[in-house]
Every structure is written in structure tokens, then in C-alpha cells.
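Note that chain A is present in both complexes that follow, paired respectively with chain B and with chain C.
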Partner chain A sequence: MSRNLDVSPEVSDVVRAADTAKADNIKRLWNKSTPYWFVSPYLIIFGVFGVFPIFFMVFLSFHHWNPVAGLGSMRWVGLENYELALTDPMLWQAMWNTLVMALLSGIPQHLVALPMAYLLVSLGAHARHWLTTAYFLPYITSTIAVSMIFYIMYSPQSGLINHMLRALADGTLTSWAFGWINNFMPIAWLQENSLIRYSVSFVVFWKYVGFNIVIYTAGLATIPNDLYEAAKIDGASSFQRFRYIALPLMRPFIFFAVTLTIIGNMNLFEEPFVLTRGLQTAATNGMSISNYLYRVAWEWLDMGSAAAISWILFLVIGTFTGLYFWLFGRKGLEGN
Partner chain B sequence: MIRILENEHYQRGVYLAGKLILWFILLLGVVITVFPFIWSAMLSTHDRSTMFSSTLTLQLSDQLVNNYHQLQQIMPFWNAMFNSMKVAGLGTLFSLLFCSMIGYALAVYQFRGRNVIFTVMICSMMIPPVLTLIPYFMVIDALGLTNTHLAVWLPFTISPFGIFLIRQYVVASVPRELLEAAKLDGASEFRTYWSVVLPLLRPGLATLAIVQFVMLWNNFLHPLVILNSREMQVITQVLRSVQSIPNTPWGAVMLGTTLSILPLLVIYLLSSKQMISGLTSGAVK
Partner chain C sequence: MKLKTTAGLALASFGLTVGAMAADIRIDGFPDYDSQLNRILPAFEASTGHKVSQLMNNHGDHHNKIATNLATGQGAGDVVLIDVGFVGSFVDQGGFVDLTDRFAPHASNYAEYAVLQGRGGDGRQYAVPVDLGPGVIYYRRDYMEDMGYNLDEVMASWDSYIAYGKELKEKHGVLLIGNAAAIAAAYINFNVEPGNGLYFDADGNSMVTSPRFVRAFELAKQVRDAGLDGNISEWTEDWYEGFKNGTFATQMSGAWLLGHLQNWMAPDTAGMWGVSHLPGGIYGSWGGSFLGIPRQSSNPDAAWALIEHMISADNQLAGFQNIAAFPAHTGTYSDSSFDEPIDFLRGQQARQMFAEIAENVTPVAPHRGDLIAQSLVIQTALEQVLNDGVPVMTALRTAEAQIRRRVR
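Then we have the complex of A and B:
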């Protein structure tokens, strides 16, 4: 240090002490700030893509805005967007569609997954692993790929599903039971407005049932074997063991899985989007709220209304999850 | 009837029949889940005429090479695959870094705002992606990032699920004494994280890597609104877009669909054990 040269030793000591104190301070400050350095990616990215937009969405929902015309074209319209959205029969239709598809795909998912998981657990670890791997496969595959495959299978003239039904109806052994199907051939699974919800729901069911099986298998594996053994000695049948031991102890898992299904199903977008060719065919009964939102924002370029619809969707999902938590939450969470 | 079933004489038979039914149900489940994949692979060897014939064809045809050429005509297939690979790869790498940093900090340090961050993070898991789609698009637009790949992976590197998974992992498998020891040896905070904690987190990071890669590879909604030029588009987008071509060569499309599934299939089959256990432990506990 150069200043040490022209000052007396006493002064230099003071300076040195001050220096170390300063260094200590910096070090303490640095140490105190370490956790913030570690979480800074979250703060920055979530701030930019999470917090700011949420507030902007509130602002936007009171404006009329076409994104092509730039930010300057924003015009204050008050509650008009909400009014327009809520009086639009299409929105109510979309909401109803979403609810119907959520129930049609959601309830069977759990009714099938629970018993399947129960059956799986009775197998050895090796067989269980391979079966679970197979069941889980649709979940990891992209919804787009899956929906494209089903789009082909649903095709009315040449699709696999109608082929199989036709084979059943014409087969010598099966025609007495399935002959009536011929009256409805070809079945337009994705073009017929009344069928489209069922067709979409089946794809959703097919894609997510394996995920639920995996969660339930994990849950069942936590139940100690002695409980089953004890029940067996008491003479409980296999079904009784499922009903009175497995089912009650599975409550937290069921609660978790159903919550995920509710949130996921209310957000249905890709399956109807692909299966109805970007909503060109049978748009009325196949359109979910998310699809409607996409259409308002990116096809009609009405961002203000879309923002208002987003908040309505948020309210709807919040209400359903809230209702579900209120009804089943205490029972569902008590195990934890 | 039940009396008969409980008769010791029949016990073995009943047991066997039960086993048989059990396996029948379980394998039927496998057939139903796996069949569509096999079907799409099968269709990728057919051309339009054999595919759309009026009889059910359950055998392979000879159009695979033809379909491959057609596939490249109707969509920039390998380019889109490369884009997907890039987006999923970069996104996964950075989310491993970010999620482990954040999860580690949330597990180890006591600091002001920790609980707020944690609560906000858990709540943000509940926000549906479509809801934030418009603001996401606007921010990307304002930053001038439309039609860039950065916009499609960066915002998803701070996956709440990943942070939560890593936090649980640190709590469970990084002993406090080890961190103290590292500090006593004079390791800086970052050094402790990098050379002591990260290696311990390897199994958790592996699970997260698979999950993130799968999510980013399969993402459709965000690329759909951000990437608009043909050469930037990812595979899910490109696959979907051929639906609007008149007289779509479905054999070629099914070939593309099958090929787009293959990378995920390989990763999944190599790591299914880890992925399934990681997903359920992170999700339920």
C-alpha cells in the first residue's frame, strides 16, 4: 500500500484496522447476501415472466388492444371486456365442454387406476416395474404425437376404430350382438358434434391413466404388509382388504392425484386442438376454455378480451379446486 | 357358491384362475396403452392407398423409404428435430443449474423472504399455463425475443416442481456436518455448493433432467405462439401443422410422429426406474 510510506506507524495501524473492519463488513454483507445470489435466477426469471405479467394482465383486461398495432393502440374500455366475455354464449359453451370433458375423462381415470394399482402391487417387483413402464408410456409422449395417432385411428372411413367395429358387426360369431352398429356406420368420431366430447375424453383418459396408476402404486407400497396379514388372519377377503385397509390409507394419494386431474383437465388444450384440426371441425362441442382463449387472442387478436377470459378461467379453476379442498381437503391431507 | 370356492379341494384351481384373470387384466392394459404406438409405427410403412383401403390391414407395407422422402418434402423434419433437441437440451442444462441453486438455498439458508419465495413457488404450480400465455407472449415481444429459441426454454428453467424436488433431496441427503466441514476447510459458499453438494445430488438431478427434457420436448403451446418462422419451429409444431395440408400423406406423417417419439422412448426406457420413483417421491411427500 503506497500511503503507508508517508504516514506514521500509528496512523497506518488505524488505517489498517479500518481496512480490516471494512473487509469484515464486506465479508459479512457478502455472506448475508449469499442465499440471495443462489435464488437470484428464480427472482429474476419469475419476476420477469411471472410477477410483472400478472399485474399487467389485470391492466390489460380493462383495455382494448390489438397486438399487431403495437402498444400505443391500447384503449381503456373499463369492464367491457368482461361484459362481452360473460355474455358470449361461446364462452359458456366452452366452459360446459371443459366441465363435461373433465368429468368424462377424469372419473374413469381414477376408477380404473386404483384397482389396477392394487393388482400391480400384488406382483413381484420385476413384473411390476415393466408393467408400470408400459402404462406410463403415454404420459411421457407428447400430447401432439398422441393426438395425431388418435386422429388417424378415429378417421370415419378408414380409421382403426371403425374398422374394428365393422369387423365386430360383420363377424359370423359376433354379428348377433354387434350387428346394430352397422346402422350407424361410418361413425364420424371427430366430425359429429355430439360425439366429439367422448372421443376427446377417451384420449385424455388413455394418456393420463398410467400416471395415476404410478402414483397409486407408490401409495400402496407405503402400506405395511402386516396390516394385510392381520386382516387376512381375521378372515377379510381380498376385496375387503382393498376396501377397508388400502382405500382409507390411500386418501392422501387419492387427494393429490385428483387435485392434479382437476387442474390438468380444466386446462385441456392440445387434445381438442389437434383432434378437431385446430378447431376447424365440430368446434362447438370440442372447444375447451383454453381453446377459446387461444382463438380470441391469436386468431381474433383481441388481447383485452382474452385477458378477461383468463381471469374468468382462473376464477373457475380456483373455485373448483377450492371447492374440492373444502369438501375433501381435511380428510385428504390428514395422513400427512 | 362361495362355500364351494372355499373348499380346500378347489383352492388351487381358484388360485390359478385368479392369477390368470389378474394377468389377463394387466396385459390387456399393456396392449391398450402400447397398441397406438405400434399402430403408428405400422402405418409409417403404408402409403395413402393401402392405408385408406376399406379392409383392415394389420401387416407392414413397403412404403417406408417412400414415406421418408415424402416426410422431408412436407416438413423440415430433421431441422425441427434439431430445434427440439436444442431447446430441450439447453433448457434442461440450465434448469439443472438453476433449480439446484435455488433448491439448495431454500433448504440450507435461513434468510429473509425464504418463506415468501417458497409459498409463491408452490402457489405458482397451480397457475394454468394458458392463463399466463398472453403475458408471456407480451414480455417476450417486449424483450424482442419472438421467434427465438431462448424464449421457449429460459422461462421454464425455474420449474417449481424441480426446485421442490431438489429442496427435498438436499434436506434428505446432504448432512449439515458436511457443509460445516467444508466451511471450516475454507471453501467459499459457492465452492461448497459446486463441489460438495452437487455430487451428492446426482440421483435427484438425474430425475429432474429426464422430467425437464420430456416437458420441454413435448411443449406445444409456447412454441406455437412464439416461433412463427418455419425454420425455427420445433417438432410438435411441425407435426401438427401438416394437418392443414390438403391430401395429407398420412403414412409420412405417422413416420414423423413415430420418429419424434423415439428419442423420448430411448431416454425413458433407460431411466424409467429413476424417473417413476423420482416423480412420485417428489410429488407426494
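Then we have the complex of A and C:
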């Protein structure tokens, strides 16, 4: 027996109306959700590769895990990984190396880029475009390729740098001034612990100075010409115009560029890694925190400890950036 | 109807493809093993019907990839090649198929020390040796014999070896070795006390402050301080140049260095080289490779069939001919090719010497902390001693404290 037989026509109408309303609701919901279906591939990919790893890394940093043994072998160790990392002399050494290399490469980047950008802007549009492109080229070249070229150039026996120094030391016209270099030959730029930080820093400086020049050139283009002209009429020299007009108005750009440098340099990985041949030479002084992180994770297969180190690195970068914002933030963002 | 037929055909062909793929296996390795595989795989495919593909990456990337594959439970080949340096860290972690029963009938044919190296802490066989690295020292004959030095006297002990280096430097301006670090590594690798591992004793305690390590570091330091090495990093252009130009007179390594020297590193120096036992006549292993089957392999039977093919006497000899991979199969050592003189070594019948070393190497027990210890001792502590003047015992004690914390 069917239940419908017991239902009066009025009730049947109500049920039909309810069904229609339900269908309408579903349709409306479907229509509303359409945009989300379109963006869902991005959301899924971002969730899987962006959000999930962050939470997984927090989870991982409280475990001891050798990846070779599979996911099932994770062992809860609480704060042991953090304690291990913070009392690890190698981590502190890596931290110090990173800081030194960040400063050695970072400060000259801006000290050179700012006047250079000013000079380029003064040269006029045509020269500026060509030269900016030339300076920007190292930035868009693969870091690995750049590091490998420098690795060959730094080679003690066959490298271009030592060849040039030898030529200067032995040259008939130059030997009186550069003869002393022969006492130090061959200079092991990447094998000597005392030299490696300078050698790595120079590569980083060379690669990123062009990027900063482009930022500063763009910044200088925003300064109205009237200001320079008025200063000129008042008798301001070229240096004075740079010092009293360009520099103060460039503050937001300097602030932006320096923030990027702090974050980038504290994350330094490829340059020291390639130049030390995967940490095989001069590792003590050439190893950055990211390099150490890689060694703990992929050479020593201790993923939990590596996760803890990466959170420590995150906090360090956060602290430095925060400190910079606190010290220069208000001035840096003046006018914005 | 047409649509149904097309869909049916597509489904059938997909099924067939999947079926055919299921029978396929893949081997993951590093060069120059592809040269060897290209020659020996056609016979395997013809006899078994399995199609074998290869995935070759450079040495470092290959081992990183295996670690990732084992961690995620997918992506590894059915057979993977593992360098001896990684065996301790890899096989003891449970990611590989237990090959004990399958390998048992063959085990007695392979160098005992290498068989033991492929075992986990539970005594089961997880990796099978496919080639060995009998430890030797290559030397320039033109500096040694042509200049009137006696090889046996030079190699009598480490002291006589260093004394030779001093004379070479003073009288002829030639360096003893490219990098003093190789001397420390050789001494550590080749003087392992029976029953111990390279860095850990049988109970898993660190040994890096033991007399073996102290002496190794002191020897290397002695060579560096006397200016007998060039502080040239191995496997770099400068190192290859050193071989070509005769910048240094000796180099310790596995027997396999011969293949690299004569094939691409310094082919023009043929006839200038000789090979000898290490100073003091010690035996040891320097390098070597293993084969394992990851547990994620969907076809472990076919994978084992491939391993059996690769470690068979004939293919071991083929590997020796093709890529100078020294056979792990000791039954091959009686082959006539072992008596052949080697032109590159000025006609020396060196293979007999390699075989004799392979059969006399003291077994070294692998330990899961070997990779950590190796980077803390050889890369960090030794570098501090040689380059920064840190006292030997200080550097070793620091390394030991680090190892104790890191090997958990």
C-alpha cells in the first residue's frame, strides 16, 4: 500500500511546494558556490602544498622521525628537538655565519645600489634602460649557474681570479706594487675557513645589487623634477640634491628593499651550498642556517630536528624584520 | 552503439596497458651504472619477459630521492642502487625487503665483509653487494721508480710514506698527495678493529676519540704542516688537473679510480701510474655499491630476478670490463681476465692484487649513525684541525659530543 493514498490533496500541494523550495535552495546554493568551484584547483593546491606543510612541520618538530623508516616510525619527543637545536654549537656557528654573510653582502648592496641608481637616472632614459638591464641580468640568471661560474673562477690553481692576481704580481709594470701577492698563492678562496664568508658574500652581493638598483631607479623616477630644479636654482650641488632631496624621499623604497634583503639573506642557501660543494669544503665558516637545516634533514635524516631548526630560523627572521620595522618603520613608511 | 564499442575498446586497451605495465620494473641508480645496464638488460628482458626501465640521477640526488621515496611510501624503483656510505643509514630502517632467504644460496660466493655490510642490526640481509672498492694507493711510477725510490720501502709504513713525500717536495718540488684529508680517511677506513664499525663499536658506542682517529688526524696534520699536500678538494677541476699534470705523486682510493683515470680524468698519463697496497700493507674497503628492493615495490619477485641477473658471475665480469666496477662475486677472481696486464699501469697485473685485498678485508659493521659521524668527523673536525689549527683531541672530543647528541 502506498502512503500517498492517505494524503489529502492540500497536504500533497504543501509537500510539492516544499520540494520545489528545496530544489530552488539547492540551485541557489549551486549558483552561489560556482565561483568557488572555479577557484577550487588553486585552493586545493594551496592547501596541500602551502597550508598543510606548515601545520605538518609544527607537528613534525615535536617528533623524532627518520624518513627512511616511513611515516609510521614517528616518535613523540616533546620539546627535545628544540632543546637539541638551541644547545647545538653547530647551529650557533651557522647562525653567526648567516648573519656575517647577510651583513657582508647586504650592506654593500644598498650602499652601491642607491648612488648607482641616482647616477643612472641622471644619465637619461636611453642609457638608463640599457644599463639597468645589464645590472639586472645577474638577478634573473639562475643562482646555481651563477654560483657554479664563480666556483670555477675561485678555483685556486686554474681559476680566473688567481690567474689575474698572478699576472698582476708577475707583470713587469705591476710587480712592484703587487709582488707581495705571490707569498699567498695559490689563494684558496673557497677552501680556507677564513676566506669563505667573503667569497660567498661577494657572489651574493654581485647577484642582488642589480635588483636593488632597479627598485631604487623606480623610486627615483617618482620624485618630481621640479624639486631638483628648485634646488638647482637655490645653488644646491649634485651631491646636495642627492643628500637632501632624493635620499629623504626614497625612504619607503629603502625600507622595502632592505626588508627584502634581510629576509632573503637570512634564508641564504644556494650560493654557500654550491660554493662549498654541498658543504664538503670550509663547511665550518661557510655553512648558513638553511644549509645546516638541509644537512640535518637530508644527510642525517633527522626530519624532526630539521623542522625545529626551521621554526627557529623563522623566529630569527621574524625578530630581525620586526626589529627593523620597530627602528625604521615609521620613518621608512613616512608619507604613505 | 559505436560509442559503446569505442569505450569498450579504450577500456580494453587501457587494461592491457596496465597489465603490461604491471610486469614492468624500474631500477634507480647513478652513473656510470647505466653503461653497464644498457649492455646486460637486453638478455634479462629476453629471458624473463620483464621490461626494465632505468632512472639515473647523480650520486647525491639519487640518495636524496631514495630517502624521500621511502618516507612517502612511493616513487622508488623496484631495485635501487645504494652506495656503501648510505647502507648503514638506509637498510636498518625497515624500508627494504628482507632478502636473507633469497640471498642465502649465493652468499658464500660474495666477499664476506661486503655481505655483512648489507645486513641490518637484526642480522637480516637487506642489501646485496654488487661491486666492491678494494682500498689501494695509486702512485706515479715516474716519480717513484724512475727517480730511484723503492716502492716496498716507501710503502713499508705511514712514516716511510711521509718521509718519501718530504724528499719528493725538497728534491723534486712534487706534492705527495692532493689533499691530506685523504690520508686521515684512509687510516680511519683501513684500520678498523675486528668486530667494530667505522665510527661505532659493536655496542653502538662512538669510537671517534680512540687511538685510530687520533693517529689518523695526526698523520694528516703532519702532511699538511710539512706542505706535502695541495689542499686540493677531490672531484674538482684542480684535482683532475693534478692527475694530468703530475702535481701530486700518490692518491688513495678504491680500485675503481683506475676506470676514472684511464677513461676521462687523465687518459694521457697512461703508463705513468702504478698501484700498490696501502702503507703498512693494511687491507680495507673504499667505496662499493649494493642493491636493495624497497618494500613499496609492487613486483619484488621480478626485482629479485633482476638482482640475481646483475650479481651473476658473468655480469659481474661484464661490469668489471664495462665500467671497472670491481666484482663482489669472489668466484670471478679466477677468471683469466684477472691476469691481464693493464697498459695504463705500465703493464701491471693489478687485478690480482685487487682480488687479494677484497678477500682479506676485515668486515666493518655498518651503523645507522655512520653518515652523521662521517660529516662531523671527516668534514668538520678534520677541517678544523687541518685548516684552523684546532688541537686534534679538542676537535675529536667536540665531534664525539655532537655524535652522542645527534645519533638518537
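We adopt the following convention: the second predicted complex is superposed on the first by the 294 of 336 C-alpha atoms of A that agree within 3 Å, B and C clash if a C-alpha of one lies under 4 Å from a C-alpha of the other, contacts with A are read in each partner's own complex, and residues count from 1 in each chain.
Here is the rule we use: a residue touches a chain if its C-beta (ideal position, glycine included) is under 8 Å from a C-beta of that chain, and two chains touch if they have at least 3 such contacts.
Computed from a predicted structure; not experimentally measured.
Of the two partner chains placed by superposition, chain B and chain C are both touched by A:P67.
Contacts of A:S158 after superposition: both chain B and chain C are touched. Looking at the shared chain after the overlay, A:W298 reaches both chain B and chain C. Applying the stated contact rule after C-alpha superposition, one finds that A:L131 touches chain B and leaves chain C untouched. Touch criterion not met for A:G322: it reaches neither chain B nor chain C. When the shared chain is aligned, chain B comes close enough to touch A:L120, but chain C does not.
After overlaying the two complexes on the shared chain, residue contacts for A:A145 are found with chain B alone; chain C is out of touch.
When the shared chain is aligned, chain B comes close enough to touch A:L313, but chain C does not.
Comparing chain B with chain C, the partner in contact with more residues of chain A is B. When both complexes are overlaid on chain A, the residue A:E192 reaches chain C alone and has no touch with chain B.
Residues 67, 152, 157-158, 277-278, 298, 303 of chain A contact both chain B in one complex and chain C in the other.
Listing the residues of chain C that touch chain A in their complex gives 60, 64, 66-68, 70-73, 89-90, 93-95, 230-233, 235-238, 241-242, 247, 368, 371-372, 375, 379-380, 383-384, 387-388, 398, 402, 405-406, 408. Within the complex formed with chain B, the chain A residues making contact are 31-32, 34-39, 41-43, 45-46, 48-50, 52-54, 56-57, 60, 67, 116, 119-120, 122-123, 129, 131-138, 140-146, 148-153, 157-158, 160, 163-164, 167, 206, 210, 214-215, 218-219, 252-253, 256, 263, 266-267, 269-270, 273-274, 277-278, 289-290, 293-294, 297-298, 303, 306-307, 310, 313-314, 317, 321.
Put simply, chain A touches chain C in their complex at residues 64, 66-71, 73, 84, 88-90, 152, 155-158, 188, 191-193, 277-284, 295, 298-303. Across the complex, chain A is touched by residues 22, 25-26, 29-30, 32-34, 36-37, 39-40, 43, 51-56, 97-98, 101-102, 104-106, 109, 111, 114, 117, 120-121, 124, 126-139, 141, 154-155, 157-158, 163, 189-190, 193, 214, 217-218, 220-221, 225, 236, 239-240, 243-244, 250, 253-254, 257, 260-261, 264-265, 268-269, 272-273, 275-277, 279-281, 283-284 of chain B.
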